[in-house]
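Presented sequentially are two complexes of chain A, the first with chain B as partner and the second with chain C.
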Partner chain A sequence: MIKVEEVYFTYPNGIEALKDVSLEIRDGEFVAIMGQNGAGKTTLVKHINGLLKPTRGRVLVDDIDTTKVSVATLAKKVGYVFQNADHQLFSETVEEEVSFALRNFGYEENAVKERVEWALNLLDLIEYRNVSPFMLSGGERKRVALASVLAWNPRIVILDEPTIGQDSQQKERLRQFIIQLNRQEKTVIIVTHDIEFVAECQPRIVLMTQGRVVAEGEARKILTDCDLVNQASVVLPEIAQIFLKLRNFGFRTDIIDVYEAGRILLERLGDQT
Partner chain B sequence: MDPRAKFLYVCVLFAVTVMFNQLIPLFILFFIQIPFVIVARVEKEWLRSMKGSALFAVIIFIMNLLSLYLYGAYASIASILERSLAMTVRFIVLVESFSVFFLTTSPDLLGLALEQSRVPYELCFAFTTAVRFVPVLAEEAQTIMDAQKARGLELEGGNFVKRIRNYIPILIPLIVNAIRRSLELAETMESRAWGANKKRTNLYVLKAKRKDYYLIIVCLFILAVSVYASMFVQIPSITQIVPI
Partner chain C sequence: MIIEAKGLTYTYPIGAKPAFEDVTINVEKGEFVLLSGPSGCGKTTLVRCFNGLIPHFYGGKLEGEIRVVGLQVTEHPIHELAQHVGMVFQNPENQLFALSVEKDVAFGLENLGLPREDIRNRVDWALETTGISDLRDRAPYELSGGQQQRVAIASVLAMKPEVIVLDEPTSFLDPQGAKQIFEVIRNLNKDLGITIVLVEHRLDLTAKYADRVMVMDKGRVVLDGGPREVFSSEEARLIGVGIPKATRLYQFLKTEGTNLGKVPLSSEEAYQAIAEVLNT
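Our next item is the complex of A and B:
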């Protein structure tokens, strides 16, 4: 359980990035944090693994105050995959890269081998195990970064902008993968601008603007509320935009999922023919 | 002010500082620069750079003290102390003059000064770009540190060798990204026709004003007096003035 209680955070340059943010994320939840650039999304999630400590208020992860423990201690529970994989890759081979955190956490050699193998298989990277991570494509490097975090099987996984630079096929794989993680009762938190990806995944949405949480709730409810998403400078998903235009023809306006939209439209067309 | 005049000031100060190894002239060199700091209103920043160099100053003092004590042929401990202190003040004077220059000259102005001193434009551009990217690299280093800490890396603790080894996961991504960024920068600049026009003109042309000429005169005066003093004047050491 993650509890963010009336958190304020000001960067050393004086920018107030979080203002009175309160939030609860239960175990096994799938949450997407959305909002415009500079809304405080990344700042908020950096509080969850203790990289940033609140200026005021507190953040509890499983009732542990993040100010009381080191990042390395929290990292065992909270895996954080950074937006840019190139900010972490440094090893000679993919295998070494994935084993880096495991060695930091003091796993025994056998356990390291076993977990690296597991993570590489999970992300379809086993054929690259002896290849330098710098020789891989952008999408593959991102998968290596993800594998290097999932290797120690953290209970909470934070993904910062996971869809950037991914083609549609990789996005779909990522979606399946997140659903799979969530089914294993892991808490998954994504920070993203990719509204279409969120509309497909349908997590709980936390909408932020100018350092505050302006709304939270079901994707279907938040992402079809025109005023709310405008306030956070987010654009409605394309399906929601179409159904909003079809409102006068008696269609519901709370549709964001492509498959559901297709089914409703086909039903209507079937009625007419 | 014209950065070229200030550059002359740094060069003169550098030459004069190296010319003397007695404590008295070095102290004079230290104090004559303080009015410049006050006039430029960079006291706070200047103090910060002085504080930053304090650790190195202490190291220089101790190293000099040890080496002069062990290998030097000095008569007394007092003269060894004086000599070590002089070397430390020499370092401080150098830092002082460079910080006065860099605290009052933006990288762009510096680039312009180099360019108008007939240094090839490619070199000037490389220099100003390198300076401009320092804050970007610092921010990137922080992000990389965060990313590695999130994977359980503890930067603190352990012996000296372990601490250095801890920084490898930070340095490698930093260097790789810097190289990648520079290659990208080269490509994006070439695709925007960089270097297409061999003969460049500048929007701003540096022109020395009256106060620049004053500074040049002061610098030349300091240089002349110093050359004269170092050649013809027997500069006493403090141990000679105050016998211990």
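Our next item is the complex of A and C:
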């Protein structure tokens, strides 16, 4: 359980990045934090893994105040994959990169091997195990960063812009994988601008603007609310835009999934064509 | 023909196998081309040939022929090709370095040795065309991601290139910022006749602007045609191209026996087609 309680955060340069943010995330939940560039999304998730500490208010991870533990201790529980993989990668080969944290956490060599193998297979990176991460494409580097965090099996996984540079098959794989993690009662938090990915996954949405949480709730409710979405510099998913225009024909407007849309339309159109 | 590649094959210096192979494409002046395909398919590598980054900067082995604006790429240096082909990358931060927006946009022009007056005029024009005249004295690092990407586009535009290549230019932008960037690009194409090559995975926002879609897979161009034709093809689905939601909805309905007629590329087109059926 993650509890963010009335958190304010001001960067040393005086920029107030979080203003009175409160949020609860239960175990096994899937949450997407969305909103405009500079809204404070990354600042917020860096509070959950303890990289940043609140200027005011507090953050509790499993009832532990993040100011009372080291980032290293928290890291075992909270895995964080940076937006820009290059800020995270430093090893000479993909395999070393993925092994690094495991060794640091004191896993035995056999366990390290096994987990690295597992993570590389999972993210379709096994053929690159002896390659330098910097020889890979942006999308592949992103997957290396993800593999190195998943390898140590954290209970809370934070992914900052996980779909950048990923093609549709990899996105689908990521979606399946997040579902799996949720089934194992693991919490997944993503920060993303990828509205169509979110429409496919339908996580709980936390919408931010200018350091504040302006709305949270089910994806189909939040992402079909035109005013809210505009305020946060987001756009409606394509399917929601279609149904917004179709409302004069008596359709519901809270639809974001393409298959649900298809079934609803079939009921009406099926007789007419 | 503004870009002509014939039997083009390229291998990076450390590469065991070619990054792309036997690519033959023709892009006409004024076209808006969307280049897509699974990650690692070679699309970014291919566009690096368009301004000579390959082979002049990256080295490696380039075989076959490539001409851009009539110039044989292997025979002309990057700085010469850059006057004809502008490049905009994923992360604007990597492209901006000056202390003010104005200086960033003027940089390339100063290197060309243009007279002061010309530089001023071109900078003014580029800032206005991309809608950022009011940001000219600001430092790029204090701007939002969307604003930064517009500065990057303005810097490229100021060189008055015939072709602009953009490699996932909106990945780091919020959805509204992304939409505005795509509108700027569309205007450069429609109003100024600049040829656009846009490398993208996310096709929901961009399919409607494209005259043509090329899809690469495993180093080869496997599909090349109009967007409606390409996105509704079985091959595109199998390769795993991010087919626009509006097109997928059309396909779903079609498989279930309901045909909307023309293949829609955007929510607007899908709505029109559905409304038409409902109104009859």
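Odds and ends about this structure:
Basically, the second predicted complex is superposed on the first by the 272 of 273 C-alpha atoms of A that agree within 3 Å, B and C clash if a C-alpha of one lies under 4 Å from a C-alpha of the other, contacts with A are read in each partner's own complex, and residues count from 1 in each chain.
Heads up, the rule we're going with is that a contact is a pair of C-beta atoms (placed from the backbone, for glycine too) under 8 Å apart; a residue touches a chain by one contact, two chains touch by 3 or more.
Model, not experiment: these values are computed from the prediction.
Counting the residues of chain A that each partner touches, chain B and chain C differ, and the larger count belongs to C.
In the superposed pair of complexes, A:87 makes contact with chain B only, with no contact to chain C. In the superposed pair of complexes, A:37 makes contact with chain C only, with no contact to chain B. Judged by the touch definition given at the top, the superposed model places A:28 against neither chain B nor chain C.
In the superposition on chain A, A:235 contacts chain C only, with no contact to chain B.
Touch criterion not met for A:217: it reaches neither chain B nor chain C. In the superposition on chain A, contact is made by A:104 with chain B only, not with chain C.
Of the two partner chains placed by the overlay, neither chain B nor chain C lies in contact with A:57. Counting contacts by the rule stated earlier, residues 84 of chain A appear in both its interface with chain B and its interface with chain C. On the chain A side of its complex with chain B, the touching residues are 46, 49, 51, 70-72, 75-76, 79-80, 82, 84, 86-90, 100-101, 104-105, 134, 148-149, 152.
Partner chain A is touched in their complex by these residues of chain C: 14, 37-40, 44, 90-91, 144-146, 168, 171-179, 201-202, 204, 240-246, 248-249, 252-253, 256-259, 266-268, 270-271, 274-275, 277-278, 280.
Chain A contributes residues 35-38, 83-84, 135, 137-140, 161, 164-171, 193-196, 199, 230, 233-235, 237-239, 241-242, 245-246, 249, 258-259, 261-262, 265-266, 268-270, 272-273 to its touches with chain C in the complex. Those residues of chain B lying in contact with chain A across their complex are 140, 143-144, 146-154, 168-170, 172-173, 176-177, 180.
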